[in-house]
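Next come the structures, one after another.
Two complexes come next, and they have one chain in common, chain A, joined by chain B in the first and chain C in the second.
== the complex of A and B ==
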C-alpha cells in the first residue's frame, strides 16, 4: 500500500514566548528531594517561607507508560514487527483496516502482558475484555483503537525502585509506586509531517503492534523519582523479554500526569506531559513542568487541565493542540473479540488444547530473576556495595561483563568492581560507548588484572596498559607490558638506588619528613614511581624509603 | 433447467446432463434477461465463465471438488470478493476492488462453485426493502409472476403495469430476487435483524440465518458485528443444508466462530412428529400482523398438532423491546464500524482537502447516504460518555433479557419455535417508500430480530400465496447450534405445504413460461 498523503492540519507545537522566557529567567530549578517539599525559587530566594507562613509546594507525578511488546507479529494480525522497515512494508489488510477484516489475538502478546503483570506484583484477571476507543486521526486507520478500558489483563500491582538521595547523592533509598493496571492495546501508525509541502505521510508499519500500557498511580513527586521508576520498569521488561523497551526506538513511551499542591491541601489541577521518548529528558521534562506550575500559581495564575509536550530542544513543555483534547472517546466493547480467558493450573480444563490457552502458573514458574533479586544476589555473592549492584544492572551488559571478569581472575570482586565501574565504565561513558562496544574484552581485562594480582605490574602500570588496550589493537596485556617494559622492578638493589637518588634530589622533603610530617612521604613515593614509570612496587618503595629516612 | 433445485442440478452435472459452462452461460444470459429486476450490481461474467471451464475440466477428469462444483451462485455485495468490485451499494465503496475474499466466498469457490456476480442491497445493508442503495431498488420477481398478475387484473387497480412492481424486502433483496428468479441456485445474504429471512419470505424462497458463531464473518463488511451472520438463500431447505455444510466451521480469522468441529448433515424426510414440541410465542401476535399471515400461522400450528406434535403457546416477554434495543446497539456499532471510512486508505475520497478534518467530513458526507449518516449520528450520541449507561448499557441488559427468554423457552422442552417471518406479504415500491427507512426497518424486522439478539438459528420457509398471489413465509427458530433439528423440522414443513413455484411471465428465454405445478395443498 502506498503511503497516504494528505494536507497537514495540526499545528506544529511551538513554545510560547512566555515559556521560553520562563526557561531562561525563571527560578533556578531545583531537584525535588525525595518526597520532601519543593521550595520554589522565589520563596527560597526572596523571602523565607517561615516569614510568610506559606507552606511549600508538593508535586504529584503519575505515569502512563506504553511499552511495545517484543513479538514477531502484531497484536491482532499476522504482520511482522520490525523497527525501521521501509514504510508500509509490514501492513496486513487488518492493519490498514480494510472493510470486513477482523482481529485475531496474538497469544505471545498476552503471555508478555501476563509475565509483566506477574513481575509487577499484579493480580492477573482471568477474564479481561477489549474495548474500542474512538478518535479520528490519520494514523489510526480504523477510527478506533482496540484497548482494554473496562477490564484490563492485570491490576493492582507495585513497583519498587531505588534512587540516590542526600547532598552528595550517596544514599540509596527504595520507594514503591502502585501499578493501577496493565492493559493490552494496539499501537497506531505514524504520521510524518512534511512542513514544506504541507503534507502528512502515513506509515502503517507500527499500526497494530502490541502495546502494554502500564498505568502508575501518582505516588511520585519528582522527575528523578519518575525517571528511576521508569528505569526499573525498563530493566524488568528487558529481563522478562516482554519488551525491548528501547526508548530511542519508541518501544517505551512515557506520559506524565503532573500537579502541585500545598501539603494538607487537595491535589492541584493536573497537566499531562505527553510522549516523553527519551530517558535523558524524562526527569527534566517533569521537573520543568512542576516548576512551571508552581511559578504559574505563585504569580496568581491557574494551571489548566491540558496536554503538553516536552520540547527537548527548548527544554520546556508546551501546550499541544492535540488530537485528543477534550474528546469523548465513545468507548464501547470490541464485538469481534470474545473475552480473554486465562487459566491457572487449577482451572485449566483437561480437554483444552495447550497451544490455545495461557496458563498463568506456567508463566509464573518460568519467570526469570528480576533485577531486584539479581542485585541482592550480586551483593551477597561478591560482597560489593548495593549501589554498585545498581550500576551493574543499569548498564546494559555490564553485569555479564563483570561476572565474566570475576570468573577469569582470582582478584577479589570488591577490588575488581573498581576497575569495572571507575576505569572501564568511565572510559565508555566518556566515549559514548555501550558495554558491548567496549574495545577491551572481559578476557583482556581479566588478563590485565591477573598480572596486577600476581605482582607482575603495579596498579599504575596496569592503568597504563589499559590506556593501550583502549586503542583496540589485538595486543594482549602481557605483550603490552613486555613492549613497554612495565614489569615491576624485582631487583631490590636497583630500587634502593633509585630511592636513594630521589632522596638526594629532594632534601627539603626529606627534612620535612624527618621533622615528623609523614604526609610528605607520599610525595617521595610518587616521585619514585615517576622515575620508574610505575614499575616500582609501592609497598616495597615505602619500606625502603622509611628504612632510609630513619637511618 | 434453471428452475430445479441445487441438489437436482448437482445431480444433473454429475450425470453429465448439463455441463458447467452451459449452465453458467444460461444463468448469465438469464441474468441479462432479468436485468430490470436490478438484482445484481456486478455480473462477474469473465471470472464466472473461467470458473465454469475449470469446473468442466474437473468433471471431465472425474475430480470434482464437491457438491457445489459447477453450480452458479450469487453473493451479496457486502462480502469481499478478491478482484471483484465490492460496493455495499454505497458511493463510499464504489469502484473498490478488494484484495481478498470473505471466508464464506472462498469456501464456495474452494468447493468449485461458480460466482456469477454480486447482488444488490440497501446501502451497507441498512434497510428492509433493498430500496436504499446507490444502484436503485431491487424489483421482486413476483411482480412479474402469473400468480400475482392474475390477481392484479382481478382487482383491476393497475393503470400502469410497471408502477405496481413490488419490493423484495431487504436488505438481501438482490440475493432473494436472484434465487427466486432462477438466475442462480443459491445466494449468500447477510442477516443482522432479518436481512436474509425478510426478503426470502417476500420472494418465496428459503432463507437461513445460522447460529451466530457457526459461520465466519471474516470478509463480511459489518453492520452490527455482534449480530451479523452470513445468510443462505436457496429454493428449498435441503439446498440450504448443503450450503450450510460447506460454509460452517471455525475460522481462525474470526475469533467469534466456535471451535467445535461442524459435521455436515443430510436431512431426513421423515420425522417422528410425536416427539416434537413446537412453541408458539404469543408475543408474535403483534399489531400489524395481517389476518392472512395470522391464519396461515395458526394453520401451520394445526398441521404440526395434527401430525402428533406437541404445540404449546409460549411467552417471550421481552421480545417487544427488541426493536428499540436493536436501534441503540445497531447504531452504536454502525457509528464505530463506519469510522474507518475516512477516504485515506481506500474507497471514496473527497476532493475537498483543505485540511484532514475537512477532507474527512466531505468524504463521509459524499460517501454515505442519509440512512447511514443518520445511524452514525445516533450511534455516536448513544456512545457519548454521558449517555453510555442510559442507552448502551441498558440496551445490552435488555438484549440479555431477550436472549434469556429464549433460553427459558428451550429449557422448558420446546424444540423449535414457529412464528411469522413478516407482518404480511410484500407491497408495491410506491407504497413502501411512503415511510422512511427507519420506520420500515423497525416494522419489518419485528419477528426476525430477536433471533439475532439471541444469536439463534432461524429459517423462513415459503408457505403459501396470499390473496394477492404473493408469497408468505413462516419462520422456525431453533436452539443454538441445533441447525440439523431446525432444518429437519423446516424440511418436513416444506414437504407438507407444497409451496407453488413462481411462474414468471415473459422472462424466460424459451417461452415456456407456465410450468405445471401441483397446486398448493396447503393454501387452498
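== the complex of A and C ==
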C-alpha cells in the first residue's frame, strides 16, 4: 500500500527544475523519471527493498498543529475574533503593540486548552508559565510572540486514530501518536504579498487570537497516517467545541517535520513543510517530501535542515525564502504575566472568586463524549460494524441523519446503514454536497424505507424512487410511487395470470425446467418482472411458477 | 575619601527633592541631610566629612539607625550590607566576531565601533558577579510577579473598531491595510558588509 502511494505521487505533476530554487549546491541531479518502486514503508520491516537492492527507507513524520480557539474575544485583549471582517477593524491597542498596553488573559482560552488537554489524555500542569519568542516579521508588530515554551499547560498525552489498511482498504487498524505538549500562544497578523508594487499589506485582525499548539512526537511514518491523525484531532476539537478546526479558514494549521533514514541507523536530517491547506494536501505534501528526500539521498546528495512550502498546484515542496538558517528565538520569561495557576477540587482555596478560578475537575466532569466513545456506542446500540461507525462520524452531520431515520422506521439498522452509506453518501459525494445540503431529508428517506419494509414496493423500485427524490422536487415518496406506478402487484390472481401467460409464451423453457434445469427458472422470473415492469415480488413469482411447473 | 566627594559632586544639584536640601547619595544609600535652613550649599564640606568619618568608623551603635530626624526615619541602613565582589575579567577570550555578527543579525543592533563592544563586555562582567552566589537548592525565579494572581478576563468583546486611529500612526497605508516591505531583508554576510567588525583578529 505504501508503494501504491509512491506510485501515485510519482505520477503527480512534477516541479520544473527552475521552480525548485536550488539553494543547495550539490551533485547535479538527473530528472528521476520512473525510478521504480523505491520503498518508503512503515517500520517493522515490512517495506520491500528497492529494485536496485538498496536498504529499505523508513520515514519519520512529526506534526505541529495550531488550532485557533473558538472564543468571542482574543487571547490577551478584548477585541473580537471573526473570520472575514474589514481589515484592521478588530484590532485593539494591545494587538497593534502600541506602547503602554499590557496583556490580560482570556479565561475561555484557558478552559479550551484544559479541555483539549484532558481529551488527549494529557497531564495538566497546575502551574504554567508564559514566555516571549522573539523574531522579526511585519505581521508581528511587537517583535515577539507570547507563548508557553518552558512549562506549557498540558504535557504527555496520546491520540488514537484509525486507518484503513490492506489491499482493499477494508481492514481498520488503530494507531497511537504521543502528544508532547499543548500550549497557549498568540496568533500573528495576516500579510498579503503584493509583488507588483513590492510591498506587503498587513492586516492585524488575526493578531493575538488564541491558538493551541499541539506538538506531536514523531511517531508516524507516512502521509496517510498523518492525515488520519489530523482528521481525528479535528473531530475531537469540534466535539469539545474548543475549536471549530476548519482548515479552509485557517483555524487548523499543520506543519510537518519529515525525515528519512534506514532502520537501525540514526534519524536523518529533517525538513519542515508549511503552507498545507487541507487534510488531503497534507498526505500528498508529506509523501512528496519523503520521496524527495529519498531521491536526494540515493543520488548521493544531502538533505538540508530547511523550511519548505507546499505548492498545491504543482504538488511539490519549494524552499521558503525567508526562513534560511536556523532561527534563534531568544526565549525569555514574559515579564508582564504571573504564572498561570489551575486548581482542582482538592487544591481549591476556600474563598476565591469563582470567576478567577479554572477548576480542572469541574471541566473534566463536563467533557462531552469523544468521537471514539461515540463510535463504540453506535456499534453497541445499533449493531453496525466499526468501519460503518467510523464513516458515520467522519461525515459532518451523517450520524444525526442516520439516527433520525432509525427513529422513524422499524427497518433493521444494519440494513439501513447500507442505504445510508452506499446510496445516500454516494449521491452526496457525486453532487459534492454536505449532509446538511441534502435534498432528501431524513423524513423522506424514512418514509421510503417504510414503504419498502411494508412490502408496498420492491428494493429496485425503492432505488428508483430515491433517484427521483434526489431531484429535490418536494414530492413525497408515496406520491412518486403512485406517479410511476411502482407499487408491487398485491393481487395474487393478477400475478398468477401473468405467470401463466409467460409460461405459455415460453414452452421451451418450461420443458427445460421440467427436465430438471432449475437455472432456467430465473429466466422466467426475469421475464415476469419485465412484463410487470418490476412490480412483481420476485419471491412470490418464484413460488407461483414453481407451483405451476410442478403441476 | 576622595572617591566619596567625587561621587557627591556627581549628584546633580537641585534635583527636585521636596524636603528642602536633602540629598540622596545612591552609592551608599545613605541619607544625608544638608543644612536644614534652606540654602544653596548642599553639604557643609567639613561637617559632611566628619559625618562620614563617624559612620565609616562603624559609628552606629550596633543598631542600624536611619540618620535624620525621627519624622523621616526610613528603613535605609547606615552601613552597606553587601560585600564587594571581585569583578573578574571575562573568563574565555573576549566576545568573538562571530558572536557579534550573530547578535547584530538577530537583534538588529549596531555596535558601531569597538567602544560599543567594550560596553557589552563590561555589562557581561557586571552580570557575571552573580556566579559568586551559591544557588544550590534554590528554585530559579521566573518572574517578580510569582506571588501575584494572574487575572483572568471574561470572554467579552470590549475593544476594537478603532481603525482610523491605528492607521493614523502609520506613515503609509493603503485601503485600511498597513504597508510593509516585502519580507525580511536579512543583513548581508559579514564579508559583504561595511562594518568595523570586518577588521577582525
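Criterion: the second predicted complex is superposed on the first by the 447 of 551 C-alpha atoms of A that agree within 3 Å, B and C clash if a C-alpha of one lies under 4 Å from a C-alpha of the other, contacts with A are read in each partner's own complex, and residues count from 1 in each chain.
We take it that a contact is a pair of C-beta atoms (placed from the backbone, for glycine too) under 8 Å apart; a residue touches a chain by one contact, two chains touch by 3 or more.
This one's a predicted model, so the numbers in the text were calculated from it and none came from an experiment.
Engineer: With the two complexes overlaid on their shared chain, look at chain A and say whether chain B and chain C clash or fit.
Structural biologist: Once chain A is superposed (C-alpha atoms), there is a clash between chain B and chain C.
Engineer: After superposition on the shared chain, which partner residues are touched by A:201: those of chain B (first), chain C (second), both, or neither?
Structural biologist: After superposing on A, A:201 lies in contact with chain C but is clear of chain B.
Engineer: Touching A:221, do we find chain B (first), chain C (second), both, or neither?
Structural biologist: In the superposed model, A:221 contacts neither chain B nor chain C.
Engineer: Classify the contacts of A:339 with the two partner chains as first (chain B alone), second (chain C alone), both, or neither.
Structural biologist: second
Engineer: Touch check for A:331: first (chain B), second (chain C), both, or neither?
Structural biologist: After superposing on A, A:331 lies in contact with chain B but is clear of chain C.
Engineer: Once the shared chain is lined up, is A:104 touching chain B (first), chain C (second), both, or neither of them?
Structural biologist: In the superposition, A:104 touches chain B and chain C alike.
Engineer: For the overlaid complexes, name the partner, chain B or chain C, with more touching residues on chain A.
Structural biologist: Looking at chain B versus chain C, the one contacting more residues of chain A is C.
Engineer: After lining up the shared chain so the two structures overlap, which partner does A:532 touch, if you call chain B first and chain C second: first, second, both or neither?
Structural biologist: Neither partner.
Engineer: Go through the superposed model and pick first if A:188 touches only chain B, second if only chain C, both, or neither.
Structural biologist: neither
Engineer: Go through the superposed model and pick first if A:372 touches only chain B, second if only chain C, both, or neither.
Structural biologist: Neither partner.
Engineer: Who does A:132 touch here: chain B (first), chain C (second), both, or neither?
Structural biologist: first
Engineer: For chain B, sort through 109-117, 199-207 or 361-369 and name the stretch that clashes with chain C after the overlay.
Structural biologist: The one stretch of chain B in steric conflict with chain C is 199-207.
Engineer: Across the two complexes, what residues of chain A are contacted by chain B and by chain C?
Structural biologist: Common interface on chain A, chain B vs chain C: 93, 96, 98, 104-105, 136, 138, 200, 202, 328, 330, 335, 337-338.
Engineer: For chain A, which residues are in contact with chain C within the complex?
Structural biologist: Interface residues on the chain A side: 71-73, 77-80, 86-94, 96, 98, 104-110, 129, 136-139, 150, 191-195, 198-204, 321-322, 324, 328, 330, 333-335, 337-341, 355-356, 358.
Engineer: Quick check on the complex: what are the chain A residues that touch chain B?
Structural biologist: It comes out as residues 1, 4, 6-9, 93, 96-105, 132, 134, 136, 138, 141-144, 200, 202, 328-332, 335-338.
Engineer: Enumerate the contact residues on chain B facing chain A in the complex.
Structural biologist: It comes out as residues 79-80, 86, 88, 93, 98-100, 102, 217-222, 224-226, 252-256, 332-333, 335-336, 338-342, 344-346, 353-360, 380, 383-385, 388, 392.
Engineer: For the complex, give me every residue of chain C touching chain A.
Structural biologist: 102, 106-108, 142-163, 166-167, 169, 174-184, 186
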